[in-house]
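Note that the chains are named A, B, C and D in the order they appear, and that numbering of residues resets to 1 at the start of each chain.
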Amino acid sequence: MTLNIALFGAGRIGKVHAASIKSDPRAQLVAVTDVMAQAAQALAAEHGIEVMTEDEILADASIDAILIAASTNTHADLIERGIAAGKAVFCEKPIDLDLQRALKVRASVAASGKPVMMGFNRRFDPNFATLKAAFDAGEIGKGELLSVTSYDPAPPPVSYIKVSGGLFRDMMIHDFDMCCWLFGLPAKVTATGSCLVDPAIGEAGDVDTAVVILHYADGRLATIRNSRRAVFGYDQRLELLGSDGMLSVENQLETTVRKSTTAGVSSAKPQLFFLERYMRAYETEWAAFLDALTNGTAMPATVQDGVNALALAEAANISLKEGRTVTLTAEMTGGAP
Amino acid sequence: MTLNIALFGAGRIGKVHAASIKSDPRAQLVAVTDVMAQAAQALAAEHGIEVMTEDEILADASIDAILIAASTNTHADLIERGIAAGKAVFCEKPIDLDLQRALKVRASVAASGKPVMMGFNRRFDPNFATLKAAFDAGEIGKGELLSVTSYDPAPPPVSYIKVSGGLFRDMMIHDFDMCCWLFGLPAKVTATGSCLVDPAIGEAGDVDTAVVILHYADGRLATIRNSRRAVFGYDQRLELLGSDGMLSVENQLETTVRKSTTAGVSSAKPQLFFLERYMRAYETEWAAFLDALTNGTAMPATVQDGVNALALAEAANISLKEGRTVTLTAEMTGGAP
Amino acid sequence: MTLNIALFGAGRIGKVHAASIKSDPRAQLVAVTDVMAQAAQALAAEHGIEVMTEDEILADASIDAILIAASTNTHADLIERGIAAGKAVFCEKPIDLDLQRALKVRASVAASGKPVMMGFNRRFDPNFATLKAAFDAGEIGKGELLSVTSYDPAPPPVSYIKVSGGLFRDMMIHDFDMCCWLFGLPAKVTATGSCLVDPAIGEAGDVDTAVVILHYADGRLATIRNSRRAVFGYDQRLELLGSDGMLSVENQLETTVRKSTTAGVSSAKPQLFFLERYMRAYETEWAAFLDALTNGTAMPATVQDGVNALALAEAANISLKEGRTVTLTAEMTGGAP
Amino acid sequence: MTLNIALFGAGRIGKVHAASIKSDPRAQLVAVTDVMAQAAQALAAEHGIEVMTEDEILADASIDAILIAASTNTHADLIERGIAAGKAVFCEKPIDLDLQRALKVRASVAASGKPVMMGFNRRFDPNFATLKAAFDAGEIGKGELLSVTSYDPAPPPVSYIKVSGGLFRDMMIHDFDMCCWLFGLPAKVTATGSCLVDPAIGEAGDVDTAVVILHYADGRLATIRNSRRAVFGYDQRLELLGSDGMLSVENQLETTVRKSTTAGVSSAKPQLFFLERYMRAYETEWAAFLDALTNGTAMPATVQDGVNALALAEAANISLKEGRTVTLTAEMTGGAP
C-alpha cells in the first residue's frame, strides 16, 4: 500500500522533500499547500499533483501523512492540527521558537499517540550516522569529550536574523541535537557569544559567534562552536574523544581535485551549504520516517528530541545573558529524560 | 518541447539511465525494450511506461532519441538502425569489440549527420571535469606526464571475461578515453600485462593486471595502470604533471569518518564500484546529451572518440602479444585525429 | 665570540637542550649541575664537560648564560640567582607554580635588565610559527575564534599529578601561552573540568579533562581542550577562524605510510609525545635565545609571558572551583599587558 | 671501542655524513680529505679533526673505516683501495657509471671479504622502511604492482647533466634500487623517455622525463616515473598493490599548516629536496652501517645491490635507444641474484 502524503510549504526545503517522497515507492505526494500560491502551483505542476488548502488537506481522509516544511511559526499549530486529523506528521525543526509552546505540542502528541518525527536531518547524514554506529559499538570505549564545529558560509540577511529566534534556537539547535543524540541530555549549559561578523546582527540583539559547553552529570563534556561566517564554505565537523580512541567527521569537499604548484598544494572547499552537504541526509530521513511508519516502530527523532534541543537553546540564552552556568530543569524539558 | 526517449536495455546500467531521464524535465522516458522480458516489464512498471519491441521503437515517429544500454554486441547494429530511423542516439561504450565494425559505424554516423553520443561517463565526473577545466585554463602550464590509476574492486566472473573482449577493450577502454580526452591521440602504445589475480583469467586468454604507456608525438607520456582487483575498493585516480605544477584526482571515500586508536588513524574506503563512484557522472552525461541535442551543438563524446579508444585497445593487444611498441596508424582510427 | 653555557638539570629535557647547545656554533656547553650526581656525570662525560655545583657555576665569571632545566620548584630561585650573578637566563616553563612568586621574579628581572627567556617551546614549532606568520600577515583577516586542542597520550603517574600544580598550571599552561601569543591577554576566563580518565587523579584534587573559554575584550573567543589521555598519541592541533578564512595546524604523523585493505584506509598515529613532536621547536628556541642575546634584541618569550600564562591558570582554577567566569585583573598579571 | 672514520669528500653530502658520524657514539670522525683543500679545511675545523691526503688515510692503521662521499668517478677506485688497505667502506651510490667497472669492484669486494655498504639512503627512510616491514609481514598479501614516483624539484645545470651518466644512472638508480629492494631483480626492462623540461638536456643526449616498466619472471610489474622538474617540490612516493591491499608512502610536507579561504584549502608543499626529505634516512643508514660492522652481520645495502641498480639503468638505456624491451642477463649483474 502506498502512503499518500501532503506537503505544507513549497519553498527550498519543501522541494527537497518533494523529491525525496518521489524517489521512495512506499509513498506518493498527492497535494501541496503554501501561502505563496505561485510556489505551490509550480511545485504541483512539476509533480503532477494538486494544490489544496490546509483545511482541505486535513479534511481529506485519503491523506495518510503530512510533511511540514512551512515557516517556523506554523509548525506547532500544524503538528497539533495534523495529529488531531489523525495523520502521521513529519515536521522540520524547530517545533516552535517558544519553549512553552513546544512543551504543549509535546503533551498533545503524547496524548494522541500519533507518530510524529522531527526533521533533525544531521542524524541521517551518512558520516554522522557511521560515527554514531561506531561509537555505539564501543569502538572508542566510553565517550568523554564531544566537540561540534558548525560554521555557516555567510550570515543570513539581518531581516531573517530578527525573526530567527537567535543563533542558539536557529542555528545551534542542530548542534544541541547532535550532542543529545550522541551523549544524551546534559545537566548544565555554559554559553558565550559575541558579535564579530556584522554589527547589524548585534544591533538586532543577536550574536554571530558563539561557544557553548555542555556539562553532563557524569562529568562528560561537550563543546559547540558556531560562527555565522566561514568564508571557505559550510564547515560541519565533529570529534568524539573516548577512553579508547577518537572518532571524527571531516568536511565533505566539493571535489577530490588537488593542485600542486609553487604556491603549495590546494584542494577543494567544503560543499557550500546545507542543501549540498545534507542532500543524502534529507533523502535518508524521509526513508527513516517511512520505515518507522510502515513498521510501527519508534520515530528516530521525536518531539521530545525537539523539546530537548529547544530547552538547551533556552538555557544557552539565559547563560549568555546572565553570564552564568545554567542548570537544565525537568520543567524545561517536560520531565525528560 | 519534451523529447521522447526509448531505452534499450533494462539491466543495471539501464536503470541508472532511466532515473537520469526522469530527473531532467527536457526529456521523458516513453518506452523500454529488453531481451529479458521480465526486466523490461519491471522497469516499465516502475516508470509507468510501455514495453515495446526494438522494431516498434524504431518505427515510432514520436520517439526522438534512443538510449542504448543493451549488451555490447548489440551496440553497432542499434546505432546504425537508430540513425537510419532518424533518431538521435546515446550509446554506452564501446561501439563494438571489433575495430573494423566500429569504423563502419563511424562512417555510417558521419554520413547520416545524426547526433550520436558515446557514454564515456568519466568525462562527466565532477572531479575529472574540474581537473580538465583547470588544465585547459593553463593552471599547471604544459602537460607532460599523465598517469591514470584504475583498479576494480574484484574481477568479474570468468564467464564474463571470456566475452568481454579482454581487459584492454573492456576495462582500460575508459582510461584510454581519459588520455585522449586530456592529451589527444597518442602516436604509439606499449603494453604489458600479467595474470596475477586469478589463473582462470589467464586460461581464458586474458590478463588481469596491466600497465600501458602512451607515447605522444611531441614527447608527452601517459601511463595507465589497471588491476582487476583492489580489495579495498574501486580505485580511480589520475595525476597530470605539467610544467607549472600537478593536478590530481583522489578517490571519493564512502564517508569522511576517521577513527584514531592505538592501531593508527583509519578512514573509509573508496566508494565501492562504478555505480556509486560515477553516479553523478551518469546524471551529468545525460544532461550533456540533452544540452547538445537541444542546442544543436557538438556531442561531448563522439563515435570518433569511441573509435579512438578502441584503436588504442587494439594497439595494446598487439603490443602485449608481440612484445613491441605499436605505432597507431590512420587506418586504425579512420584517419583521425 | 662563543658564549659559555651552564646547564641546570641533566634529565630528559636537559639532554635535549644540551644537544641543541652543541649544534649551534655560537655557544658551547661548559658545565652541568644536577641534584642527581650520576645524571650530571653521565651528561658531562658524553659532552666532555665539567660537573660543577650551582654555586660554582654562578660564581664563574666565564659563564655567560645559564639554562634552567631542573625541577619546577627551583626555577624562581635560579632565575633570580642567575640574573643577580649577571648571567643571561633561559628557563623552562613555568616560572613557579605560585603566581605571587612568579610576580616577584618578574619584578626582579625587570629591575635587573638582564635578558631572560622562558622556554615556551611551541612558539618555535615550525607549524605554529608558520601559522602565526600567516595570521600576522593578514592572510585570514581579523581573528575571531581560536581553538587549541592539546591531548597527552597518557596521564603521568599520580605521584607527579600531586606535585604538578594541577592540569591548568602543568599542562594547559602551554595552551594559555599559545592563546596569548596569537590573540594577546584575554579579559575573562571560564573553566570546566572533570575527572574521567583516572579516579586517582580526582582523588588527588585534580581534573584530567578540561575545556576553557577565554573571552577577549573585543569579543574574540578562544577555547582550549585538554585531556590527559588520547590513546592514539599526542594530539596537538590548533584552528584559527578569521574574517577571511581559517588557518589550522594538524598533527605530525609518525610516517606517511598508508595501508588500504578491506578494513579501510589506515595511516600512522601522531608522533608520540613532546620530545618527538617538538624536537625541532627545542632546537629553534635555543637558536632564538642566542639570536636575541647576540643581537641585543627582545627575548621572544619573556618572564611576563610566563606570568600571563600562570595568571590564566590561576583564573581557570578559581573558575572551576567557584563555577563562574573570572575576570583577569592587573594584579594577577603585574599590570600587563 | 670507538671506530675511527675518515671521510672522503667535504661537500654537501659529506657534511651530512660528518654530522651523522658525530651523533653516534660508536664512531668518531678523525680525518677528512677533499680535492678542494678549502672545503676539507672548513669541515676539519668545524669538527676539530685533521685534513689528510688520501694516501695518508689509507696508510693509517688506526683508521677503521672510510666513508666515500667524493665525486662519482672516484668511487670505484676508492672502494678498491679502501678494502685493499683493510678498511671497511661506506660508499655513496653509484659504484661507477660504467657497469663493467662496477662488476670488477664487485669481484674485488667479494674476494676481499671486507664489509662494504652502498649508500642507498631511501632504504633507511622511516616511511619506506615501515612500508617494507608491513609488506614483508604479509599485511597486503602477495605483491603484484609496484609504482615509484620520483620527481626532482628542478633540473640540475646542464653541465652536471653532461657528466651525470644520464637520468637512468644518475636519478632513477635510486628507484631501481627501491624496486629491487621490495620485489627483487626483474627479468626485463622497458624504458621510455622524453625531453620536455629543457631542450638543452636533450641536446646533451639525455631525457628529463621517463617512465620505465620492470617485468618480473612471475608476472609482477613495477613502474617508475621520473621527471627532472616538479615545481611544487621533491615528489617521492611509492605504491604497492598486493593481493590483500595496498601500501603507499605519501610525501612529507614542510609543515602541517592548512589555510582555508574562498580560494580553497591549501597545505604545504613536499619538503624541498633530498637533504630535507632524507635527513633521517642519512642518519639511519650510518647507524645501520655501524650496526652491521660491530655485529659482523651482513650489510643492508651491498655492492651487489649497486651492481643490480646499475644493470637496470644500463638495460633502460638500451631499451630507450633501441625501442625494445631488454632482458636482463646474468652477465649484466655478475650472475645475480
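Assume contacts are C-beta pairs under 8 Å (C-beta built on N, C-alpha and C of every residue); 3 or more make two chains touch, one makes a residue touch a chain.
Nothing here was measured: the structure is a model prediction, and the numbers come from that model.
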Most widely separated chain from subunit A, with each centre as the mean of CA atoms: D
Inter-chain centre distance, subunit B versus subunit C - centres from mean C-alpha coordinates, in Å: 58
Approximate Å spacing (C-alpha centroids) for the pair subunit B, subunit D: 42
Subunit A residues counted as touching two or more neighbouring chains: 230-232, 244-246, 260-262, 268
Pairwise touch network: line, ring, star, complete, or other: complete
Interface residues, subunit B side, partner subunit C - complex: 230-233, 253, 260-269
Subunit B contact footprint on subunit D (complex, rising order): 142, 144-145, 147, 151, 190, 192, 194-197, 209-211, 213, 215, 219-221, 223, 225, 227, 229-232, 235, 241, 243-246, 323-325
For the subunit C and subunit D complex, residues of the former touching the latter: 25, 46, 126-127, 130-131, 134, 139-140, 244-252, 254-262, 268
